[in-house]
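All chains are identified by letter, namely A, B, C, D, E and F, in their written order; residue positions are counted from 1 within each chain.
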Amino acid sequence: MKKIEAIIKPFKLEEVKDALSAINIQGMTMLEVKGFGRQKGHTELYRGSEYVVDFIPKIKIELVVADDMVEGVIKTIEKTAWTGKIGDGKIFVSSIEETMRIRTGERGEIAL
Amino acid sequence: MRKFILLALVALTLFSATAVFGADAPAPKVVNSGDTAWMLVSTALVMLMTPGLGLFYAGMVRRKNVLGTIMQSFAMLCMVSVIWVLWGYTLSFGPDKGGVIGGLEWFGLSGVGQEPSDYAPTIPHLVYMMYQGMFAIITPALITGAFAERMKFSAMMLFSALWLTFVYSPLCHWVWGGGWIGAKLGALDFAGGTVVHINSAVAAIAAVIVIGKRKGYGKVPMPPHNLPMTITGAALLWFGWFGFNAGSALTSGGLASVAFVTTNTATGMAAMAWMFVEWVHRGKPTALGIASGAVAGLVAITPAAGFVTPMSAIIIGAGAGVVCYTAVSLRPKFGYDDSLDVIGVHGVGGTWGAVATGLFATVAVNSAGKDGLFYGNPGLLLTQLIAIVSTYVFVFIASLILLKIVDMIVGLRVSEEDEANGLDLAVHGENGYDFET
Amino acid sequence: MRKFILLALVALTLFSATAVFGADAPAPKVVNSGDTAWMLVSTALVMLMTPGLGLFYAGMVRRKNVLGTIMQSFAMLCMVSVIWVLWGYTLSFGPDKGGVIGGLEWFGLSGVGQEPSDYAPTIPHLVYMMYQGMFAIITPALITGAFAERMKFSAMMLFSALWLTFVYSPLCHWVWGGGWIGAKLGALDFAGGTVVHINSAVAAIAAVIVIGKRKGYGKVPMPPHNLPMTITGAALLWFGWFGFNAGSALTSGGLASVAFVTTNTATGMAAMAWMFVEWVHRGKPTALGIASGAVAGLVAITPAAGFVTPMSAIIIGAGAGVVCYTAVSLRPKFGYDDSLDVIGVHGVGGTWGAVATGLFATVAVNSAGKDGLFYGNPGLLLTQLIAIVSTYVFVFIASLILLKIVDMIVGLRVSEEDEANGLDLAVHGENGYDFET
Amino acid sequence: MRKFILLALVALTLFSATAVFGADAPAPKVVNSGDTAWMLVSTALVMLMTPGLGLFYAGMVRRKNVLGTIMQSFAMLCMVSVIWVLWGYTLSFGPDKGGVIGGLEWFGLSGVGQEPSDYAPTIPHLVYMMYQGMFAIITPALITGAFAERMKFSAMMLFSALWLTFVYSPLCHWVWGGGWIGAKLGALDFAGGTVVHINSAVAAIAAVIVIGKRKGYGKVPMPPHNLPMTITGAALLWFGWFGFNAGSALTSGGLASVAFVTTNTATGMAAMAWMFVEWVHRGKPTALGIASGAVAGLVAITPAAGFVTPMSAIIIGAGAGVVCYTAVSLRPKFGYDDSLDVIGVHGVGGTWGAVATGLFATVAVNSAGKDGLFYGNPGLLLTQLIAIVSTYVFVFIASLILLKIVDMIVGLRVSEEDEANGLDLAVHGENGYDFET
Amino acid sequence: MKKIEAIIKPFKLEEVKDALSAINIQGMTMLEVKGFGRQKGHTELYRGSEYVVDFIPKIKIELVVADDMVEGVIKTIEKTAWTGKIGDGKIFVSSIEETMRIRTGERGEIAL
Amino acid sequence: MKKIEAIIKPFKLEEVKDALSAINIQGMTMLEVKGFGRQKGHTELYRGSEYVVDFIPKIKIELVVADDMVEGVIKTIEKTAWTGKIGDGKIFVSSIEETMRIRTGERGEIAL
């Protein structure tokens, strides 16, 4: 099993989620994060002064999937989260060794 | 107004056999229900300003200090409510002692009752006392913006109690209580440009010098944590300020109306001015800017509200927006950390307002006032300047001394670690928000 | 107190021989301190409604637009405060020119002073002017709910300034300033059903047609980001509306009392009605529903407040809850994106209220009013309908033209990217909340 | 109004032969514009207290229950607004039936009009009715703090409607409507210590017994989710309470002033007292503490406000801070889950205030009052105790019965799962905050 | 060392934390997330309209533990987070290669 | 590629971020978390009662870097996040198998 972590622009969440549902992804977890990267932040104003805010609101999606799903998921996220502008985000893939569904105690891919 | 009718009737009755009271006798002091209604409401409105200020300030600090900040205003409301009835009122408004201070005759409100006083002949003395008390509450609360996010709560309380006694009360007496600035010098301060705004801002200067900068100031961003809260606070301030300024007429009638209109007009104009200047300067109109501009306008019109025309109020407001914006945008250039711009808004705005009163005042608006420079009387401007400078000097020195004393007794500043963790948790054992469960 | 003086005077005059003014002479215009107190307070209360509206609206938008939304209301308060004293008041209430518009005689408040006017013979003209100004402030602010989350701030400001001048001022003149709807046609609008609510809602229709939907509207959920803020806003609206409706009596006495009671009763009833209809329809009573119902009730009772009995107010309120609920729950079926339901609440509610005035008005409540259909006078209903339809037509066409002009000059809508990122950051360079540090 | 009097006087004096009203005749009931202005404002202020209470309470619950909590107060405002004009007012204040209840003669406000009533001879009867209505609104809203976070909304609504009819209305009649406690026994309750605070707190006792604890109470922490909201609520309560207490003078003048001053003074003192006791006891002064102390002070001064001196108010306030702090800090020791301390604050504070009235009342302040124990009249204290105990017994039994009935009809409590998920989503289908988009 | 990530229902947090403490877990990190899964979300109301909210508030607990603790931790979480209703959540296990305690610079299991 | 997760004290974020920028870290993601550990929480007050809050606000920084950067990043974080008091936090390192930049579709280290 693999864990896919995708950092995307917040307003793309709905689209990405729908596209993942469409390729039969049944579970995922989402959280608000702040990103720092090439998209260099923006200036905010405070009583006539400017200050740079480096961290930009992003959404991170985490999904654990069977190995053979990885490529499909990555592609789907790439397609739907893409705007072509700096800051579209990243996808990271890593290994998951064990999974359990709390409700049933099932383990392994069946628990996803 | 009603008084005039009564007087007219009285005059007529002079032709009858007996007169109730002669036209030459001093106006009788009788409670007027309409005037009293307006002053009760004004008192309540000014009371609301202090929690409003708490919101205005607390929205601008970092989340970890939200309670510490809002609580400073709330605690002023509570503490000064008690001090005022005990000794604050009598020191400020009690029988004059040499133009310098009020006597202790009215300690604990002894002799302050339901009958009118000389200060306001148509409302119960108690209402006048309470109305003035609300001004005494908000003034030290204003100062707290300067040392927000780093002062000990105990030190803040002790300092405020002393400051109210030894700075606010005398100054208030000088201007409104029959002391030398108002009664002798003849400076005009309709609703507290000197007593409230310049006063608090000069104390703020002393405070930021003594207490020093927040850790990281100028290096790490310290963004406001809740601007809708700040705007809500500004709105409550605006609302309450009608009591502050129009209430300062002490009656319900033409003068209150003028003050109401000049207040609203100057405020709207100042907010627009600040917003547009920032828009030009920084490229965007900000929500904090328009709210700050409104407060700057409220501050600036305060001393002038019952002495100038609505058209002059537009100019006063525009000036306030521009000069206060300039002042706060230059703040980072100065070495001091006036966290929430008490000096830039209340100091600069209050001074501009006191000067503007010397320029735009006209007896056409208020026969109890004076003409200003633009109405042919340069003398008033001079008078205003003397009042301003005297206030600067007295308040600065006295505040500095009190701060040093408090520093020796309890220490002014929280520890570095407490500052890093935030006042809420460190000083008050609480957490402002918990959105998890 | 006053009573005693009066008694004394009476006693005295019993011996005298002359009368001050005859019973047949026109009522003298003298300032009454009680009436003035109430109108000063009412003015302050109506002022508070605009920031209250800002909270009501801002809680319903997405977090990224909270400041942009709250600021639109706040900016109306600031900008119209200045416009009104310059040219708004004189266009609306200045000496009538052919039933169509007020003259410019009172430009810059020239001639508007501390003495009473014909509009309200017991309060200073300045108070009447300011009270009316608060209505002029909130009306364009109401429109902003329709195009929330996508309109340029610059366009909003320009449109509002033009709209106030070319739509609000004439309409206000027609209804209240001696123009053809009020003075000639004789339609009843106690506190602004036509002038404020129908007016803003019809402008909202024009706006949503011209400006188009928010990106993603109908596809992605756009949940309110802070409902406690919305409820707080609704509470401030309710509170302020006492000034709006009961203040429209322009005096402190029986008529104000009636308007106060009908306002509160209709509002409570409308809130209950909306809540129960939604409960039945969707299975749950919602907090947004009860708050929205209250606003619908406030809107509907506005034109009727001083003309109907409290029992009629219950019916008017119940009707408002039901029809406005129906209207907003049908909104998704229409193709337009009226972000915060200005049309469904103010348009539908305001129209219902204006019609209901034609049904339930009775001279038993207000001798200066008229009887409605249910009191045997079908004529009033017709009159009301003419006023409503005329308002629809005029406001729609005029608003459309102004929007097109503004679109040509500055463009109405922010870029797609700015809309996605939110107005706060894109347009104002600010972030509503920062709960991290 | 005043104008009419003047005109009438003039007209009468023209004939000069007869006196209008003899000095010995009962005071004529004429509307006074100043008194009416103050009472209109007071009514609006008391109205604002209920949403203020909603904020005060909602900030203290967990985030998942914020709407459910704020809505309970808001729904009381809506529902009781209607019930009151229909049957609540007539049951409470209608023509007395044997000292026990008001008759139904004024059902639907029949006979309640723009002329003054015997209850308040200088303001329209409608204003008096509405003012009293605001008290009827907030009283059941106060109870909701006791069963917050677990009661069904439907049950809460049904219980409140019944309770208003069968508990509030009779008790209110007994104390203020000519019933046995006020008119016969002669107990003093200036603004609702018995009728509002003890009443709601005793109902709260019944409620927490019947409904049981929140799941996890005493085991998992249930921290307040938004303390700035709670403090804002406390500030609005304080502001509105000026209407509650000073408005209870029913006129604008000396008595209102006294009540205003005692209210503000006791509140400030109680807040300081609570804060300092907690500081000593737990090592830190808390924001929730100072706000809670203020509310405790407001509660305690309520029955005494128009009968005691400001110096007595300081003692009453200090007592309130100490006893209420003690009560709520002992709460975890008792087995009951009074979620937001209705009993500790309103029950204990209200009882202390009613007792204190028996100690500190003096006819020097209010000639319509009585002297208390410390002014040489031990009888009043006894009278107060009888009133308190009678209220305890009646309200407890009656509330218990009503709760059992409601439990049988709709069930009092939400399911365990709904409680875990929070009332907002489960009962209202809404989410308080959404800070993501 | 293994990282255990558990997604649970928010109101179970306290119980889970206490149970983990009881088996001598000395450190963990918790964050608010929103989950999408078989528990299909709920409808919310907005002025007479219904809309579906797919993402449900969940709590994610992350703990890094020595290999031999993994089974005990999983069991404990399973037991205490369980309600038997859909949406009880998942447990994911993955490998951690290095750990450092910032305060002391210690590395490896001793740093946990 | 490795993923470095660092849990630090919130007021250290700015300093850590600046130091990481200085050693040429071009991207990272930050999120608010609550930590439970040796630093045993604090008591909060509620109307005269005390209750213990075990979870303390922390910031978690996640960065994915090339293998040879790991040691430098760890050192930098250790140095800047350090106060010497309990609760300074932890650093965890794990493997990332694949990375993609959404904007360009690039994969592997070049996508970081």
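Throughout what follows, contacts are C-beta pairs under 8 Å (C-beta built on N, C-alpha and C of every residue); 3 or more make two chains touch, one makes a residue touch a chain.
Remember, predicted model here, so these are calculated numbers, not experimental data.
> Write down the chain pair with more C-beta contact pairs when D-E is set against B-C.
Higher C-beta contact count between the two pairs: B-C.
> Report the chain pair from D-E, B-F or A-B that duplicates the C-E interface, where duplication means over half of the contact pairs agree by residue number.
Answer for C-E: the repeating interface is A-B.
> When the centre of a chain is set as the mean of its C-alpha atoms, what distance in Å lies between chain A and chain F?
Taking the mean C-alpha position of each chain, the two centres sit 18 Å apart.
> Using mean C-alpha positions as chain centres, tell me how far chain A is from chain C in Å, no decimals.
Averaging C-alpha atoms per chain gives centres 46 Å apart.
> List the centre-to-centre spacing of chain B and chain D in whole Å, with centres computed as mean CA coordinates.
One centre to the other, that is 32 Å.
> Suppose each chain is reduced to the average of its Cα coordinates; what separation in Å results between chain C and chain F?
The mean C-alpha positions of chain C and chain F differ by 52 Å.
> Would you pick out the residues of chain F that each touch at least 2 other chains?
In chain F, residues 11, 31-32, 34, 44-45, 50, 53, 85, 94-95 touch at least two other chains, as defined above.
> Among all residues of chain B, which ones touch two or more of the remaining chains?
2, 5, 9, 31-35, 37-38, 41, 221, 223-224, 226, 252, 282, 284, 286, 288, 428-431, 433, 435-437
> Report the residues of chain C in contact with chain E in the complex, numbered from low to high.
Touch list, chain C to chain E: 221, 223-224, 278, 281-282, 284, 286, 288-289, 292, 325-326, 328-329, 331-332, 341, 344.
> Touching chain D in the complex: which residues of chain F?
Residues in contact with chain D: 44-53.
> Can you list the residues on chain A that touch chain E in the complex?
3, 17, 26-31, 64, 94-103, 105, 111-112
> Could you pull out which chain C residues touch chain D in their complex?
Result: residues 1-3, 6-7, 9-11, 13-17, 19-23, 27-28, 30, 32-35, 37-38, 41, 45, 62-64, 122, 222-228, 231-232, 234-235, 238-239, 242-243, 246, 251-258, 260-261, 264-265, 267-269, 271-272, 275, 282-288, 290-291, 293-294, 309-311, 314, 433, 435 of chain C touch chain D.
> Which of the residues in chain F come into contact with chain E in the complex?
These residues of chain F touch chain E: 2, 6-8, 31-38, 54-55, 58, 60, 70, 74, 77-78, 81-95.
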